[in-house]
Amino acid sequence: MEILDIKDLSFTYNEAALPALKDISLSVNEGEFVVLCGATGSGKSTLLRLLKPQLSPFGTSTGVISFCGSPISECASAADIGFVMQRPEQQIVTDKVWHELAFGLENMGVKQQDITRRTAEMASYFGIEDKFDKSTAELSGGQKQLINLAAVMVTEPKLLILDEPTAQLDPITASDFINTVKKLNRDLSLTVIIAEHRLEEVIPICDRLVIIEDGRIIASGPPNEVVTRVYDRDDIMCGMPAAARISAYLGRKDCALSVKEGRELVRCYNNDKASSEPEKAARSSEPVLEFRNVYFRYERALPDVLNGLNFSVYRGEIFCILGGNGSGKTTALNAAAGILKPYAGNIYVFGKKLKEYKNQSLYRECLALMPQDIQTVFLRNTVREELKDAGVDPASLPYDLTPLLDMHPYDLSGGEQQLAALAKVLALKPKLLLLDEPTKGLDAASKGRIRTLLRGLADSGITIVAVTHDVEFAAEAADRCAMFFRGEIISTASPEEFFSANSFYTTAASRITRGHFEHAVTARKAAELCLLNGRKAGM
Amino acid sequence: MRGFGDLNPAVIMTYYLSVIGTAMFCMDPVVIALSLVGACALFVTLDKKHSLKLHISFFLLFLVMALINPIWYHNGVTVLFVVNDSPITLEALMYGISASAMIVSVLYRLRTFTMIMTADKLLYVFGRLSPQLSLVLSMALRFVPLIRTQTAKVRSTQKALGIYREDNIADTLKGEMRIFSIIATWALENGIITSDSMEARGYGEHRRTNFSLFRFTRGDAVFLALCLIPAAVFAAAVASGEAAFTFYPAMSGTAVTPLSAAGYSAYGFLSLLPCILEWKEDIRWKYLISRI
Amino acid sequence: MLLIKNKNLRAFIVRAFPFVLIPAAAILGAVVFDNSRHLIISLAIAVMTLLVFAAGYEKKKVGTWRMVIASVMTALCVFGRFIPLFKPITAITIITGMYIGSETGFLVGAMSALISNIYMGQGPWTAFQMLAWGLIGYIAGIIAEPLKRHRWLLLVYGVVTGIAYSFIMDIWTTLWYSNGFDIGVYLSALVTAIPYTISYAVSNFIFLFFLAKPFGDKLERIRKKYGL
């Protein structure tokens, strides 16, 4: 049964010269799982918001959107279409979890007894009974997003729309979230439309993939067919699952999507003719940042967060620290930046103890920290003022910020915010750059841009330490990777050795090639090895 | 097992209104003494931290306020002694003691009220009045910790950027203002998303109901009755003029009648009611545990 | 979200409540009821605050947004009460009244007092603080146009309200202490409160000096960005 039908939809924002959406036609059946992908600013969010009358942007639209057979603005009550947005924190309305779950029902005017029953039901289904009485402020990002989903599901919507719901989550939490959505889709035959940058997880499980570019749908259909059609588009392919990228490099007509299909594919090329050795990068022996037996805890009664931490970072390298939530990665970074003070052990920056840097001298032409929450870097109303404050000449930057100068920093996209913040940080002429989750919330193209930029900085002699959850990013960007676990670093190696030694905490490409090729941790490398080996006879 | 703090917030509110409200109509040393004993006993029962400091500060307050009245006012017929040509009278001294005992007893009551009426209970009581107001309160309560953590984050980011300086008052002030200002922008920006999220979940589409985890049980009903009946008896005694006390010109109370006796005992019961409940629950728990 | 449908009733509430009924309730509570029923009074004032607020609403979209903005501003006030020495609460209330309107100004002032006292301690003073801050916000809304046009006027208003706040709160101190209004006690209360009075006035001046324009820009920006 058709639940949603869009015919020739075009939309132009007020005060905008060009339309944001052009001739969109799409129909979605009940129970379908649709993934919408496209670059930042391609019109994904506009389209999704037009499907939810309460959130429709202001502007002029032509064309028809029908929901369950009648025009959407007439029939759809807020309860029928659920909408989950990107930022987990900001969507929460009330101060308690139970109140949040009840909120939608309160708005529908549902009776007290029914609210009790339905919130209890939701809490059990989502496994959040123990959080029921908690303050919403106490929850982690992933839990908040789960509450947002539960709070939307409580009114029993027929259609669930998700606009980049996992952008602010770490990969493991994100994958849990996607699985919950898939479970809802499977258990209740709930129709799902999801816009995502992180396609590794969603593409293998979706029924339909829609690619949108400059406000137009350029491809729509079963995911493997759609991906095959955009093989030649590097800017789109860079965000696709590793298996799909390998297929594209090999020019396969039957596109693999999941790790399982990817392994099937690589098996056909496992000829033992060529193999890969981990690259040994020539590295400086001059240590820039050293941790020696560093111990830190937030309060006397709490356990150690840094537990005898030891590591060294050398000049001009990109050092990526990986590890789970709460393992102490960010704490280590903040200790290195002098924001947190360890109670035992020493930290050396350029051979000098951290304590010996007096009067902000640590932050002058020495070290700079880019925080995880990039918005905290900005204090002014325009990018221009920001740069002026920091004493940056926009023309001297390695990238062009001119089109953004008169915008409010909060109005920039995630990738643009990273670039603007980096400009402000680079004004301090740091020789050691500490980055906390530099790729959080970015699409694949922006990640690529950041990667190139960091490589350029490293080549110019700036040492970079990045804390990240993003294994794909670390595999491509890092010179060395380190695994953080319970307050210490338990292994350090080049990305090739590091990720091929891990079997769970590793890249999709490494999981695909495991047992077939050694040290192939990126899709490009895997594909190159396949081509070198050639296809096995008869397969 | 429901102590005083676990009762329905509206019942708790009613209790405080009746115990404080009735006492204040009656400047009677007996009533004030009962009120002080009840208020103090409840505080001691509920207070697990044994805040001796608070008791001392309340006592000092009591002394100062009790002594100021006879120094300021010179009404009354019984002159104790004369200072600087001003007579210090027994009546004014007694009035001062009574009035300050009253204030201290109210302060103790307010202490326990603040301890018991946590934000969500207050919200429940106000939510009964209007779901809209309840929502504004709930949202504001959510924003306060958010703003606090964001401010801490901005501060440490700016510190690591070397822009936040602490060596100069003018710079610090300017920096703080800038941070406060950007936090406001951030909060308003968040507010837009919150308001989207509210509308997406049907806010404003229908008449709202107000959901709460608090229930009105039989225990609440019993407590309410035990609170309102003595309050009514006491009010009747005061209104009939049979329980009254005057300080000026000379101190005099009314003779003890059945109604005034009933009024005083009713107030004593009312004043101690929460403590009685707490003690009863305590004994019941110990008894039940001993039988396992 | 039209809360009160009758137009005349709405007009009556908007005018009569903040200027007649709410002060009357507060004074009645303090004088006639013998320093007593402050909780009833504080409740009564909160109800009336709500009615004034409710009467200010007309369109649906603005309704939700105003609701949220009131909570954000209230939260900023409450957060600001923890700043040592300088308190932005009056300044933010004034800014709210000035840019969003009288009713919201009143609500933010009054609710900030109520919520911050959850942390600071509730008491009869809550009602008076609600009233004092509420009125400061309400009046800022009424004289919004001149305040926006002349910066000096805004700063003067800030200093005056800082002093007025202290004077109003001293009325409360006097009533609470001396069973009825006594001018001698009131004057001595004013004298002892001089350091506080100065700190209020200076805080208001500083915060309005630095924040008024940026807040105006911010609200304007949000209005434009989201087409409100």
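In this document, chain identifiers A, B and C correspond to the written order of the chains, with residue numbering beginning at 1 in each.
Following the convention adopted for this analysis, contacts are C-beta pairs under 8 Å (C-beta built on N, C-alpha and C of every residue); 3 or more make two chains touch, one makes a residue touch a chain.
Here the structure is a predicted model, which means the values were calculated and not measured.
Colleague: For the protein chains shown, what form does their contact graph take: line, ring, star, complete or other?
Modeller: Graph shape, chains as nodes and touching pairs as edges: complete.
Colleague: Which one of the chains is farthest from chain C, going by Cα centres?
Modeller: For chain C, the chain whose C-alpha mean is farthest off is A.
Colleague: How far is the middle of chain A from the middle of chain C, if each middle is the mean of its Cα atoms, in Å?
Modeller: 43
Colleague: Once you find the CA centre of chain A and the CA centre of chain B, what distance in Å lies between them?
Modeller: 48
Colleague: Give, as an integer number of Å, the spacing between the C-alpha centres of chain C and chain B.
Modeller: Distance between chain centres: 22 Å.
Colleague: Touching at least two other chains at once: which residues of chain C meet that condition?
Modeller: Those would be 214, 225.
Colleague: Among the residues of chain B, pick out those that touch two or more other chains and give their numbers.
Modeller: In chain B, the residues touching two or more other chains are 119, 135, 139, 141-142, 146, 181, 185, 189-190, 194, 198-199, 203-204.
Colleague: Could you list, by residue number, the parts of chain C that touch chain B in their complex?
Modeller: Those residues of chain C that touch chain B are 1, 3, 33-37, 39-40, 46-47, 50, 53-54, 60, 63-65, 67-72, 74-76, 78-80, 82, 88, 107, 111, 114-115, 118, 121-124, 176-179, 184-185, 206-207, 210-211, 214-215, 218-219, 222, 225-226.
Colleague: What residues of chain A sit close enough to touch chain B in their complex?
Modeller: 52, 54-55, 77-79, 82-83, 85, 87, 89-96, 98-99, 102-112, 115-116, 119, 133, 135-137, 148, 151-152, 155, 334, 337-339, 359-360, 362-364, 368-369, 371, 373, 375-380, 389-390, 410, 424-425, 428
Colleague: Which part of chain A faces chain C closely enough to touch in the complex?
Modeller: That would be residues 14, 57-58, 381, 408, 411 of chain A.
Colleague: Applying the document's contact rule, which stretches of chain B touch chain A when the two form their complex?
Modeller: For this pair, the touching residues of chain B are 119-120, 131, 135, 138-139, 141-142, 145-146, 149-150, 153-154, 156-163, 165, 167, 178-179, 181-182, 185-186, 189-190, 193-194, 196-213.
Colleague: Give the list of chain C residues in touch with chain A in this complex.
Modeller: 214, 217, 221, 225, 227
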